[in-house]
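Chain lettering (A, B and C) follows the sequence in which the chains are written, and residue indices restart at 1 in each chain.
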Amino acid sequence: MKEAEKLLTINDLTVEFTSDREIIQAVNHVSLEIYKGETLGLVGETGAGKTTIAKSILRILPKPQGRTKSGSIIFDGADLLSISEHEMRKIRGNKISMIFQDPMSALNPVVSVGKQISEAIMLHQKLSKKETKELAIKMLEMVGIPGARYDEYPHQFSGGMKQRVIIAMALACRPELLLADEPTTALDVTIQAQVLEMMAKLKEELKTSMLLITHDLGIVAETCDKVAVIYAGEIIEYAGVEEIFDNPVHPYTLGLFGSLPSADGDKEKRLKPINGMMPNPARLPGGCKFAERCPHASEECRSNEIELADTGEGHLVRCMKCSLVKEAR
Amino acid sequence: MINYIVKRLLLMIPVLLGVSLLVFTIMYFTPGDPAIIILGPSATQESIAQTKQELGLDKPFGERYLEYIGNAFLRFDLGKSFFTGRSVSDEVLIRLPYTLKLAGLAILCSLIIGIPAGATAAMNQNTWKDNATMFGALFFLSMPAFWFALVLVMIFSINLKLLPVVGIETWTGYILPVISMSVGGAAGIARQTRSSMLEVIRQDYVTTARAKGQKERLVVIGHILRNGLIPIVVVAGNSMGTMMGGALIAETIFSIPGMGSYMVNAISKRDYPVVQGGVLVIAVCFSLIMLLVDIVLAFVDPRIRAQFSSKKKKGSAAKWKAAA
Amino acid sequence: MESSGVIAAEAKKESNISIVWRRLRKNKLAVAGLIIISLLILIAIFAPLIAPYDYAEQDLTNTFAPPSREHLLGTDDLGRDELSRLIYGTRQSLQIGVFSVAIATVLGTTLGVFAGFYGGKVDILLMRFLDIYQSVPGLLLSIALATSLGPGLNNAIIAIGVSTMSVYARIIRASLLKVRSMEYIEAARAINATDFRIVMKYALPNAIAPLLISITMNIGNSILAASMLSFIGLGAQPPVAEWGAMLTAGKDFIRIHGSLITYPGIAMVISVLSFNLLGDGLRDALDPRLKN
């Protein structure tokens, strides 16, 4: 294993949402770690709880519906869930910053992009107005936008350009941890590659760690060091990126790889969708959450709570039928 | 920006012509012969004919309209009162400032009360604060403004003897009329502020601002209110129209020598040139205010500015008006 | 999304109404509004049975009487029973609200259908007209129209209806424009449906929710507008027992007998508030997206 330092440790995080008197269990007992300089991929379907985990780290869950029910998030030796709001504000946008999924709506339409970047700088760095603006322009140029566009407004930028602005804003204070929530999903494929490449370069330069949320396994393979697969608010498989691609164990992970279209044209290997849908997070079943959709599920899967177990070399899986699945593969 | 203002001013010309045609047409088709109204029922056929000729009432509709708007827009001559014979324009110039002052104070008051009230309600959505504010707003919207004015007079002037019943000789005279006029406006603005803030609160860029580490208060002011302001400004502009209508009523109750008392008096006597001129002048003021609203909007929202540089004619004011 | 929504709405009209009703029932204030409105309607219908006296019955020996067993709310300047006049006033207020809004809806819908369905020049022309129309403040337009029509309750109703129709025209037009651009209109045209049928079947149902909300909210506003017209002498004329006119008459006696303006005012606030509460509730029930 790496000798690197731990930057972020999430222990047993549980997040609930209340809506119309229903309680939605968005995140259930999630534990994960991010080391300095490392990129952890968080993979799963829409609604699996990926974004909720990221928002819990920054404590920006929608209020009053969302709240962290239990667990701890240790960053730089402090539990982010118990420090004061004032302390938390010093971390947000400074040591930890976030890139949002939809660049179209993540920028304030009535404030110039330059000012929005400057806002982040001004909040955390003691710089004069002039220096702030200079740094903001430098950040714009770093993501490939001419500094002259400082005074322009979001509606004057294309989607890819907006995402660059958001990245510039997120990196302006050289954060130690970057939470990237599907940073390229809303972009055209060609732009996606550009943005990813740029992010990788900047991350290298700034030595930033990253939590990359995505459902695109291609991106995971390219950028991540480790991967956590999330299903219905739980981590169901957690391993190094090569290990998980070479050796997927959980039936859901297998299903995810199966639902990747392959260009080989081999009829046998064509797109295999996972049958069924994710369970309603307001009424999660007991036992394995994936049992309903799992070809290997049996009665004991449904009746027992299943622990995340090490199958060797730090490859964690939440499944009772590991050996069976391996054989079937 | 100057281009934009000039463009908007030019666009106002057809609207004002349209308004004058509308008002003129309504008044033209009013039954009853103005000559008889002036001279009384015992007038002779001859004197009626003579009066008609003097007033130009024997000419056809088109000619009379062209003459009227020619006089109104080119020479600011709105004709003469049937009864006093005084120039309507002169009278309007003396009285309009009172009405504008009242309406302006009232709208200011409405904004000062309405925006914080609506913002508080939105930030405390579905709590008792929200429910109480919104019920209060609806209550005040359900009240005839003139009745509220009368109740205020009854309490503060007659029973408590704190404020003058009528007149505006001292500043205290403004208190009751302005309060009675602004409650409705404040209620409307509070409702609009709440709903547009709730709309904005859900937006991703608000989360972005929080994720930057911005203070909650500054998130509300700098990001939420700033975006929510756009529909609020439109509603405020629209309520300026309501305010001027309300001023007509408040002026009669508090005997303020503005447009309202002038026009209400004219209505009861069927003094059409006065009614017509008054409506036209207020409509012009209202159009100017809506222009002002559009200019403010262009300042607040760069997207609107952009619209006008790309030759689009309709401001978002019209859009919001349609939605309201 | 939109088109499937409309089609689904067509298919399950019954269940939609019950969904709206269920949501509305949860809103206590809206239910209270609905109950009060029902009571007002009953009072209006049975006014002659409920009212202890006739609204015009004068007793000049007993003017400005304080509340007593004979006259629960006292009498006015002409010795008429205040309570009876309030009861009869319900008729006028409901009439004003319903008829002026009906006029506005019919006029507005017609204009909106023309503008939205035919589009092009017709649309531009009508919309310009509405722009001009709306640049005259509403109350002022009602005043101008009512002056022109002459004093009287019916004329006030017409004036208010005509001056508020533009809201409905815009709602209908917007909904038509939305529907017009949809593929199922092409499909309907392809099977030779007439323009009229298309409007009735697709565009109007689409506009019903916003229309219903506007109608409910405007009933209250129209009652208020009519009372203002009464106040400046253009609305109901004596001896009609209309709340606005009663207020106006009462204001001359504000120093000696304040209750003459208190009671009609309260009656008006209660009824207008009820319509507004119902309108708000309907809005939330029909479009829950707006609520949160």
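As a working rule, contacts are C-beta pairs under 8 Å (C-beta built on N, C-alpha and C of every residue); 3 or more make two chains touch, one makes a residue touch a chain.
The shown structure was predicted, so the numbers you read here are calculated from the model rather than taken from an experiment.
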Omitting subunit B while every other chain stays put - resulting connected groups: A | C
Two chains sharing the most contacts, counting C-beta pairs only: B-C
Length of the line joining the C-alpha centres of subunit A and subunit B, rounded to whole Å: 52
Between subunit B and subunit C, centroid-to-centroid distance (C-alpha), Å: 22
Residue numbers of subunit A (touch at least two other chains): none
In the complex, subunit C residues that touch subunit B: 29, 128-129, 131-141, 143-145, 147-150, 170, 174, 220, 224, 227-228, 231-234, 244, 247, 251, 254-255, 258, 261-262, 264-265, 268-269, 272-273, 276-277, 280, 290, 292
Partner subunit A, residues of subunit B touching it in the complex: 203-205, 207-215, 222-223, 226-227, 300-303, 306
For the subunit B and subunit C complex, residues of the former touching the latter: 14-15, 18-19, 22-23, 26-27, 29-32, 125, 135, 138-139, 141-147, 150-151, 153-154, 158, 195, 198, 241-242, 244-246, 248-249, 252-253, 263-264, 267-268, 270, 272, 275-276, 279, 282-283, 286-287, 290, 318, 321-322
Touching residues (chain side subunit A, partner subunit B) in the complex: 55, 58, 60, 89-94, 97-98, 100-102, 105-112, 116, 119-120, 123-124, 153, 155-156, 166, 169
